[in-house]
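What follows is chain A paired twice: with chain B in the first complex and chain C in the second.
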Partner chain A sequence: MTVSFERAVALPAPGRLARAVSKGRWRNRVAPFAYLAPAMLLLGLFTYWPLLYTFVLSFFRWNLVSPDMQFVGIDNFTGLSDSPMFDAAMRNTAFYVLGSIPLKVLLPIPIAAFLWAMGGGRSFAYKTILFLPTILSFVVVSLVWMYLLNPIVGLTQAVLGSVGIRLPSLLGDSDTALWTILGISTWKIIGFNTILYLAGLASINRDLLDAMRLDGARDSQVFRFLVWPLLTPTTLFVLVATVIFSLQQVFTPIDILTRGGPANATTNLFHMVYIYTFESFNVGLGAAGTTFLFLLILLVTVVKLKLLERWVHYQ
Partner chain B sequence: MKALLRAALAGAAMMISSLPATAQPATSDVVFYYYAISPAQGAAMNALIGKFEAENPDIKMRPVVKNFQTLNAEIKVALVAGQPPDIGMIVTQSIADMVENAKAIPFDRDPSSKEFMTRFFPTLRGLGDYNGKTYLMPFAHGMALLYYNKDLMQKAGLDPANPPRKWEDLVVQAKIVQEKTSKFGLFALGSDSDWNAQTLLIAGGADILDPSGKKFVFDSPQGIAAMQAWQDGIVKHKVQPLLASGQSNQAFASGNLGFTVTTSGMLLSLTGDRKPPFELGVTTMPMIGSGKGQVPNSGAGMMVFAQDEARQKRAFKFLEFMSRRENSNYWSMSTGYMPTAADPKADPAMQAYLKVNPHYGALIDAMPTVVPKAAYPGDRSADLQNLITTMLADLIANKGTAAQIVPARAKEMNAILAASQM
Partner chain C sequence: MSRAALHLGPVTRLVGELFVLLACASILVPLLVMLGTAFKPNAEMYSPAPWPLNPTLENFERLFDQLPFALQLFNSSVNAIIRVLGQVFTSVLAAYAFARWRFPGRDILFFAVIGAMMVPHQLTMVPIYLLIVNLGWYDTLAALIVPNLVAPFGIFLLRQHFLSLPRELFDAAAVDGASSLQTLWHVSLPLLKPAIGALAIVFFIESWNEYFWPLLVTETARSATVQMGLRQYIDLESSSDFGPLMAGMLIATLPVLAVFFFFQRQVFETFAQTGLKG
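Let's turn to the complex of A and B:
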C-alpha cells in the first residue's frame, strides 16, 4: 500500500520553510537584545555615557556653564599632580583602602564564626546590635561621633575624665584624625560585612563539619581546612565591595567631621574631586580626578580578581 | 555633544528642583533659590514671602530651598537648561563667579535699585560690588565676635564688665581663666575655613589681595604679626585646645571655655530657650597688633538671574520689599544674622527685641567694622582656599614660625593664581 506523502504530512513549500527557519533564527538572535534593550538603554544613558563624557571633559577647561570649552590636552592631569591636595589625597586613599582590609574584611570573619557557632536564637541580639549602624545615615553617624569625640564636652571625655584620663582631640589632630575616620567607617560597615559572612557560613554543608568532627578535627583545623576555604568566595566579594566602599563612602565623614583637614590629613581622592567640581567649578580638573579614580579602582579590582581567583574555592 | 549635555542638564534641573519651581511658570511668578541652615530661617522666609504676596497679589513667589553647598551649581545647571531662577541667595565671595559664569544681572537695570540700596548700612553696601557695578543686595550676613563666659571670668578674678579689647589682653585673660578655673581659656577660630584665615589676617591689619585683586599680599609685616600672635596663643601660651570643626561651639555653650572668637551666627544658638548655663558676654572681636578695627563678613546676599525684562522687574520688586528696614530687621531677629539696615535700632520691633536679647546689640555695634571678604579670582579657587587653611593648620602644628610659613604660602598661592585662568 502506498501512502500519499503530501496528504499524510502537509509540509510547506521548500522556499517557505527556508523563510520560516530564517525568521525563527532572526527572532532568536534579536529577542535577547530586545529584552536587554531597556536595561542597556538606562545603563548607557546613566552609566557609560557619563563615564565617557567625564573622560572627554578631562581634556577641557570648562566651568560648567560657559559656551566655550577650551581644549587643554593633558593639562588637567598635570594640574592634578601640582594640586596641593593631590599627594595627601593619594596617600590617604591608599591608607583608607589598606587599613580597611584587616578591619573591615578580616575582622568580621571571627565575629561571624562566633555568631554562627552560637546558633540562631541566641545570636539574634548580637546580630541586631552589630547591624544597627549599617541602617543609620552616615550623616547622622558622623554628627553623633563628632559629639562623642569632643575632647571637652563629649561623652567619651566624660567617661574617661571620671578616671582621670584626658581624651586627646582625635579629630583635631592631624596625627589621629585619619585613624579616627577609619575607625568610624569600620564601625559603620562591620555589621554589614559580618552578615555577608554569616550568609556564606550558612551555605556550608554541616555534614562536612560533622564528618570532620567524627574524624577528631580540632576547631582550628575545622576552620583552616573547611570553613576558611569555603568562605573564600564571600571574602572575595567582601574585599571588592569594601575597597570600593572605602574609596567612596568615606566621603561623608570626611566632609562632615574634618572637611578633609587638618592640613589635608583626612582628605581622599573622592573628596578632592568633589571640591574641584562643585566648590570651585573647575570641571576639567574634577573630571581628570574622576578619570584617575576610575582607572585606579579598575586596576585594583582587576589585580585583585586575577590574584585571588585561584585562591577562591567553591563548594 | 553639547546638545546632548544640554538635554541631560535640562532633565537634571527638572529632577533636582522642587515641583512648584519647575512646573511651567505662570506669567507673574518669581522663582527664588535660597538656602536655609535652620528651620527658623525657612519659617522667617515663608512669613516674609506671605507678606510680600499680600502686598502684591499679582505676583506669586516660588521659593525653592536648596543645599548651601550646591546652590551655585544648581543655578548654573538651571541656566544651561534655560530655566534660571529669578533670584538666588549667593555667598558674597561667589559674586565674580556668578557674574562671569551665571549671567547675573547688574542692579543698574532697575531704576529703583539706586534708592533701595541706600537703605543698607554703609559698610555693607559695597559687599555686592564687582567691576564697578552692584550685583548683590546684602541679606544674610555674619561677622566674627568675641563671646565670653562672665562666670568664669569672675571666678578667675577678672572683670567681666571689661572684656579684652586687644589680642594680647585676650590671651593673657584666657591664660588666667585656664589657670584659675581648670577650664579651657580660648578657642579663637580653627583651621577649617578660609574665612577664619581672612578674619585673623584682616583683624591684624593685613590686606588679603592687592587692589588689582590679582596678587596675594597677606605676607605683609601686619599679616605675619597677626599669624604669629594667633600661633603664640596656641603653641606658646597653650590657651587654645585642639578642636575639630563644630566642637568649639559645643565646648563654649556647655561652660567649659572662657572665651571664643567665632561667627555672629552662634548668637541665636545661645539665646532664648537655648540660653547657656552661665552669664554670657558678647563684644567686638579684639584687634591683633596694628589692626585697623576691621573684620570680614560672612554669609550671602541676593542676586538677580532673571533673563527677561518682565521677570527682572518682579525680581527687583521683591528685593525692594526685602530691603525695607522692618523686613530686613525681621529676618535678622528671626535668624540671628546681622541686621543690614542703615539704622536698625530706629525700628520699634528691634528696640523691643534688644530689650529681651541685649547681646544682639553687640553685633549692631560691630557693624561699622565689617569689610568684604576677599574673593579668590581664577579657576583654582579650591587650591587657594586649601592652601590658606593649611597655612593655619601648619601654624597650629608648629611646623615653623609665622615668618617662615606665611610668606612661603603667599608665594605658593601667587604661583597658582598666575597659572590659573581669570
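Let's turn to the complex of A and C:
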C-alpha cells in the first residue's frame, strides 16, 4: 500500500494514531466473522447439526414419535445388511450408476463433438432443445413419461393400439421398470452433460485442428487423436458429476413413478432411507442407511474435488 | 459457438445431423404431447393424435377445481423469490469475507462450506423434520424458506469471482477511507453484477423445481408448492384423468421456460459450473 505525502502530513497525533490503528485492526479482525455469520449459522443449524444427529440416531431404535429411544449399538447396521430392501437398493443403485456410464457419460460426447464442429446458429438451436429437460422439474419430466407410457390411457398405447399392438406396462413390470427409470433419467440429464462437454471443447485450440486437416486427417482421426484426448479431463468430471446425479436425483422419478416398487425393483439407497424413516418409522435403520450413504458420497466427492480444482482453472 | 463451422466429411455430416435431429425429436415430442394434451377435451383423450382437434380450457378449470393450484403457485413464487434474495445475500457476504481477509479458521470454515455442498437433504431428513416440527414451522412457508436461505455453492462460486478482482481495488478503496461494506457495495458488487445475476437465475430454477424439501416439510394442499401439487394430483382418485395434470405441468413449467429463454447464455454458463455441485 502506498500513502501519499499529503496524507502522511495529515495524520493525527501519535496517541490518536495508535488508537485508530488498533481500532482498525480490531475491526478487521471481527469483520470477516460478521460477514460470515448469517451463512455459517444457517449451515450449522440446518446442515451440520442434523448430520451429526443422524449419526447419533443410527445407534438407537426409535419410531419417530414415541418418547422411548433405545440404544442398540451397531444393531441397526447389522440389521441393514440383513434386510432384503437394502440388498435390492444396493443392486439397483449399482445398476443406475453403471448404466449411466454409456448412456449419460459417453453418448453425449459424439453429440457435443458434432455440435462443436458444426458451430453457428443451428447448433445453438440444437443445444437449446437438448438442454430443455435440464431446466424442467424432475416431477414434470417423470409425469410426462408416466402419461406416455401408461398402458391404458397413455398416448403411446393409443398410437400402438390403432395398429393392434398392446403396450406392456413398462413401469409395472419389475424387469422393465428399472430400465425405464434409467431411460427417463438419461433423457433428463443428457443435454446438461452435452453442455459440460461443449465447455470443454471450447478450449481446444483450433489451430491444431487446421494443422491436422492440412496433413489430410479424416474426421475420425481428428476425433480419435485430438478431440478425445483433450476431452479426457472433462469426461472424468462429467463421470463424477453423473455418478452423484444418478445416486441422488433419481429419487424423484422413483418416488413419483413407482415408489420403489414393484417389490423393491426400482428402489435405490436414497429412497430406501426415506421409506425406512417415514413409512416404516424405523428411524434407526434409516439413519444407519444414511450413514452408509454419507460415506459413499464422501468417497465420490473426494474424487470430485480433485477434478474440481482442474476444472475451475479450465473455465 | 459463434466461430466458423469446421469442414466435415459428408458421411460425418449426414450421420451426425441425423443423430442430433433424432435426439432433439425425442426431447421435443414428449414436450409437445404435454402441451397438446393440456388443451385436449375429454372426448379426445383416447385419440392417438397428440394435438387437440377442438382445443379447450376445461382441463385448466378442472385442475383449479380439484386443487388449490393458485395458492400453490403463490407458495412456489414466494418461496423462490425470498430464497433467491436470501441466498444471494448470504453468499455475497460470506464469499466477500473469504476472498478479502486472512483470518484464523478461514480454511476450516471454507472447507465446511465445500463440505455442505455434498450433503443432500436426504442425509439430514430426520433431524431437520424434528427441528421444523419443534419450531412449529411444519407445513408452513417458513419451513420451506428459512433453512434454505444459504447456498454453499453460491459462496463457492462467488468467492472465485471475488478472487478474480484485482487486489489493488480493495487497497485503493481502503486508502480512500472506504469501510469494508462501502468497498463491497460500491467497488466489488458493480463488477460482479453479471455473475450474481446468473447465479440468481440458477437459484430460482432450482428452488422452483425442488422436490425433496417440500416433500419433507409440507403436507396439506394449501401449503404445498406446485411440484407437490402435481404429486398430490396423481394421488387423487381421478389420477388417470391426465388432462388437468398436463395443464398443471404446463403451468408449472412456464416460469422456468421464460427465465431460460430470457437468460439463455447465463443459464448455459452457470449450469455448466453447477456441475460442480453435489
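One rule holds in what follows: the second predicted complex is superposed on the first by the 232 of 315 C-alpha atoms of A that agree within 3 Å, B and C clash if a C-alpha of one lies under 4 Å from a C-alpha of the other, contacts with A are read in each partner's own complex, and residues count from 1 in each chain.
In the analysis below, a residue touches a chain if its C-beta (ideal position, glycine included) is under 8 Å from a C-beta of that chain, and two chains touch if they have at least 3 such contacts.
Everything quoted here is computed from the prediction, not taken from an experiment.
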For this session: Applying the touch criterion given at the start, work out whether A:Gly261 contacts chain B, chain C, both or neither, answering first, second, both or neither.
Result: first
Exercise. Looking at the overlay, does A:Val140 come into contact with chain B only (first), chain C only (second), both, or neither?
Worked result: second
For this session: Check whether A:Pro102 is in contact with chain B, with chain C, with both or with neither, and answer first, second, both or neither.
Result: neither
For this session: With the two complexes superposed on chain A, say which partner A:Gly161 touches: chain B (first), chain C (second), both, or neither.
Result: second
Exercise. So, A:Phe192: does it touch chain B (first), chain C (second), both, or neither?
Worked result: second
For this session: Figure out whether A:Ile152 sits in contact with chain B (first) or chain C (second), or with both, or with neither.
Result: both
Problem set entry | More chain A residues in contact - chain B or chain C | C
Exercise. Should A:Met118 be classified as contacting the first partner (chain B), the second (chain C), both, or neither?
Worked result: second
For this session: Scan A:Phe281 for contacts with chain B and chain C and give back first, second, both or neither.
Result: first
Problem set entry | chain B versus chain C as contact partner of A:Leu293, first or second or both or neither | second
Seminar exercise, completed: chain B and chain C footprints on chain A meet at residues 53, 64, 146-147, 150, 152-153, 278
For this session: Note which residues of chain A are touching chain C in the complex, please.
Result: 1-3, 7, 28-29, 31-33, 35-36, 38-40, 42-43, 45-51, 53-54, 57, 64, 110-111, 114-120, 123-124, 126-140, 143-148, 150, 152-153, 155, 158-159, 161-162, 187, 190-192, 195-196, 198-199, 202, 206, 209, 213, 218-220, 237-238, 241, 244, 248, 251-252, 255-256, 270, 273-274, 277-278, 283, 286-287, 290, 293-294, 297-298, 301, 304-305, 308, 311-312, 315
Exercise. Tell me, which parts of chain A touch chain B in their complex?
Worked result: 53, 56, 61, 63-66, 82-85, 146-147, 149-154, 168-169, 171-174, 177, 257-265, 275-276, 278-282, 285
Exercise. In the complex of these two chains, what residues of chain C are touching chain A?
Worked result: 1-9, 11-12, 16-17, 19-20, 23-24, 26-28, 30-31, 33-34, 37, 45-48, 50, 89-91, 93-94, 96-98, 100-101, 103, 106, 109, 112-114, 116, 118-120, 122-128, 131, 147-150, 152, 155, 160, 171, 174-175, 180, 205, 208-212, 215, 227, 230-231, 234, 240, 242, 245-246, 249, 252-253, 256-257, 259-260, 264, 267-268, 271-273, 275-276, 278
Exercise. What part of chain B is in contact with chain A in the complex they form?
Worked result: 1, 5, 69-70, 72-73, 76-77, 79-80, 97, 101-102, 184, 190-193, 241-247, 250-251, 254, 256-257, 379-383, 385-387, 389-390, 393-394, 396-397, 412, 416, 419, 421
